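First the structure, in the form of structure tokens, and then the observations on it.
Chain naming follows the written order as A, B and C, and within any one chain the residues start at number 1.
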Amino acid sequence: MNSIVVPAQRERNVLHTSLAFVRRHILAVYSLLFFAYLLLPIAVVVLFSFNHPAGKFNYTWQGFTWDNWIHWDGVPGIRSAIVLSLEIALIASLVATALGTLIALALVRYGFRGRAATNILIFLPLSTPEIVLGASLLTLFLNVTWLPLGFWTILIAHVMFCISFAVVTVKARLVGFDRHLEEAAMDLGANEWMTFQKVTLPLTAPAILAALLLCFAISIDDFVVTYFNSGASVTFPLFVWGAARIGTPPQVNVIGTAIFVVAVTLMLANVVLQRLRESKGAV
Amino acid sequence: MNFFHRHRGLTPYLLLGPGLLWLGVFFVVPLGYLAYQSLQSGNIDFGYAFTWSWGNYWNAIKDYHSQFVRSLEYAGIATALSLVVSYPVAYWIAFRGGRWKNLLLLFIVAPFFVTYLIRTLAWETILSDNGFVVNTLQSLHVLGQGDRLLATGTAVVAGITYNFLPFMALPLYVSLEQIDGALIEAAEDLYASKLHAFLRVTLPLSLPGIVAGTLLTFIPAAGDFINAQLLGSPENHMIGNVIQSKFLELTDYPAAAAMSFILMAAILVGVFAYARAVGTEQLTGTAV
Amino acid sequence: MTDQLTRRQLLERAALGGAAITVPGLLAACGGTSSKAGGSTTAHKLAKTLHFSNWPYYIDTKGQTFPSLMQFQKKTGVHVDYVQDINDNAGFFGKIQGPLSRGQSVHRDIIVLTDNDRYLALMIRKGWVEKLDKSAIPNIKNLIPVQQHPSFDPHRDYSLPWQSGMTGIAYNDKLTDPVLSVDELLESPKLKGKITCLNSMGDALTLVMLANGDDPTKVTDKAFNAAFNRIKKAVDSKQIRQFTGNDYAPPLARGDLTAAMSWSGDIAQLGNKHIHWNVPTAGGALWTDNMIIPKGGDVYTASVYMNFVYDPKVQGLMEAGDPKRKIVGISYIPPVAGAGEAAKAFNPEAASNVLIFPTKKMLDSVKLFDANALNNQKYLTQWQNLISA
């Protein structure tokens, strides 16, 4: 009897464990596929940064070369464009996230008059077509003649349209926030500021980071509003759109790849530092 | 912080102040000017004058209602797709990401570091008529032999979905990451199946993220023009394209302004209806 | 009005010998450096910097530098602040009409707009440009005859060509036999869904009107509608895949497109020997990017610069480049007589490239679209409704 039962049992176990394996990991597999889909164009971009194009177009593979990486700023104007874009994206995302977080706190935690109006005000910039938004903002700046068009006007515009994104993102977190944790801290003797510092802020941190990333991405990629309010300054998207009329130089791919690599490296370094801190603080 | 205790009534206004002031000056004022423009009439040669020209609004609806509807349709499909595609990933990062969470979030926004035009060009290369993807779909009979993916409505929706993925994924993650795993365990301890626990615990708790993500995707997508311009044929053009051409090529600034307001009104109405459906607390947040 | 009187008085005094002009006097007459558009003057004083906005890749380059601009600086001491921020006539006009319509300066001395789009004629009609100082441009005599009396600026008072190009048909010889006529492009069933048309009304209608036997330089309603309907038919039958700007180039290179209505310079730049460009059998379009001085720009300095680029030797080098010195040329069509001859000394291969120095036969077969039709709101609306259905 045993010799007949045992093999069947073993097969069923194998089936079970493999199904369980798939079930446990299906999420991971799906997510990896998602990232593959997301980053597929980036792979193409990275690949073509090594392309050796005949003529000024970089559309078909002609041959491998390191030239574009060595002469990454060989195209006149590209270096100042990317520097400007990075500066503005950095500052705009910080300012917008800060302002947006404050607004989100107010909206979620306090009753006040005009909260419906505030909500509408937050959603309106998202729904305004960029071209009329950019042109109308330009009209405002034209009436303020002491402020020249350029870095500051671009920055102001970017902060303006990023605030809404920051508010909505941080609000998604604050809505489900467990106030009991803060109450507990206060019961244990912390005052409002300490509670905010030690409880609220750390628990909201992931949302703030997400808002920062989102605002940075929006700012570094913005074209239409920037175009109208940039005066004679050229940001990276403006440069690329302009260059594309004749042909995108491979250096554009190089810079895109470089930013990605630098950002990933910074994040990885952060992860490693965290690990070290954790192992040290394990006491 | 006795100041805040005594002036509790002031706190919300202090928190709102800086951000709303920024928006007030740099958004509301330009918007007011836009409203003024929308009631003007005239042309570039002889100038524009304010004439209470409500006809601009009427004409916009009369002549371009199909583009309005198409825009809401494309944006809606893209939002739904984006939600379905991003939710599992946001879940995975939130619950299984561990120390790699932030790195994974970075990967989600990474495509934005390469300008829109470049990543669209890359997609055009991947989805080329003679490329691997189209050939595979043709051999699987998903696509007819002479069919293509580019320059179609499908390409436009795909483009919108792809380019707005971070706006869905990040808010979803933000909301999911907050959920205490213990709650799910508790549900399972009480004999709920994994699916049941998900539907009755996780999903409702992630609703703020779903609402945030869908709004951040749908609202800007409805006014998008560039995906339709590069990836679509003339019959796939959206209201954003019409506004663009009214403004730039036809220098008909009043018409462009009126159309923009109609779009904004349509979106706001949609948002209110949506808020009603999901319950306003998710949208506006509960007051203490 | 008062400005003009002041300027005339200034000229009279200058004719008397210059000694009567003092710098403060000049500044007072010029109106200084206000942001109001008063125009800097014909006072024959070079500015320190020339602000020149142009299209990208539209000037000679050597690595990171612009050789012709450096040459200009050496010769006159004027530094050229060269910004490549124009990538679309409509977009750029949309950006500058704000300040210009309020009488404000756009802080540029020279900008470049195309003549087969409405904006160049519009700028001149609205008076948003300064008159050239022809006394500073003796080289204007080198302007090729066909460019001397365009309808939007009959006496060349406000504009001078920068570079020209032609519009025709490009095709991929790996995918098709030569596509040489508009008839074939719009109606051959073999090309269905594999061709694109340009979204520029001036270009598309010129080609189709010529194919219909009509004259695009003097557009009538009947001719317009005939050409328009022909294009509309091609859209409805899905012959035309998309309306494009220069974004036809990637799909053409990839093989997603078999043929495309396209601009000559782009094809020269593709470097793909399977892609050929031709003027269509019935004729093609000629377009020219023109230099203009927006209101508030420095007229004298801008004029001196224009004179500099109209020297055939300078233009020849800018156009053809010099492979020995690693100078990359513009490779469009120069408007300066004698540039071709001069180019032979630097780059004989480029000098014999008919896309850069076209034959007389080619030049005779390309036409410029009627400037009045370009600003006809009815036509424009009809066209925009077609391409943005």
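The criterion applied here is as follows: contacts are C-beta pairs under 8 Å (C-beta built on N, C-alpha and C of every residue); 3 or more make two chains touch, one makes a residue touch a chain.
None of these values were measured; they are calculated from a predicted model.
Q: Select the chain at the greatest separation from chain A, using centres from the mean of Cα atoms.
A: C
Q: Which pairing of chains accounts for the highest number of C-beta contacts?
A: A-B
Q: Could you grab the centroid distance between chain B and chain C? Build each centroid from C-alpha atoms only and quote it in angstrom.
A: About 38 Å, centre to centre.
Q: Measuring centre to centre with CA averages, how many angstrom lie between chain A and chain B?
A: Centre separation, chain A to chain B: 15 Å.
Q: Going by the touch rule set out above, which residues of chain B reach two or more other chains?
A: Only 121, 125, 247-248 qualify.
Q: When you check chain C against every other chain, which residues touch at least two of them?
A: 88, 91, 94, 247, 250, 254
Q: In chain A, what residues contact two or more other chains?
A: If we look for residues of chain A contacting two or more partner chains, we find 59, 131, 135, 139, 241, 244.
Q: Which chain A residues qualify as touching chain C in the complex?
A: Contacts found on chain A: 53-57, 59-60, 73-77, 131, 135, 138-139, 142, 145, 148, 227-228, 230-232, 234, 238-239, 241-247.
Q: Residues of chain C touching chain A in their complex?
A: Counting only chain C, the residues touching chain A are 35, 51, 53, 55-58, 61, 63-66, 81, 83-88, 91, 94-95, 98-99, 102, 104, 107-108, 245-247, 249-250, 253-254, 265-266, 268-272.
Q: Name, in rising order, each residue of chain B that touches chain C in their complex.
A: Interface residues on the chain B side: 43-45, 67, 121, 124-125, 128-130, 146, 148, 150-151, 230, 232-235, 237, 241-242, 245-251.
Q: List the residues on chain C that touch chain B in their complex, please.
A: 88, 90-91, 93-94, 97, 122, 125-126, 193, 235, 238, 241-243, 247, 250-251, 254-256, 375, 377, 380-381, 384, 386-389
Q: Please give the residue numbers of chain A that touch chain B in the complex, ascending.
A: On the chain A side, the touching residues are 27-28, 30-31, 34-35, 38-42, 44-45, 48, 59, 99-100, 102-112, 115-116, 118-133, 135-137, 139-140, 156-157, 159-160, 163, 165, 167-177, 179, 191-193, 203, 206-207, 209-210, 213-214, 216-218, 220-221, 223, 236-237, 240-241, 244, 248, 252-253, 256-257, 259-260, 263-264, 267-268, 270-271, 274-275.
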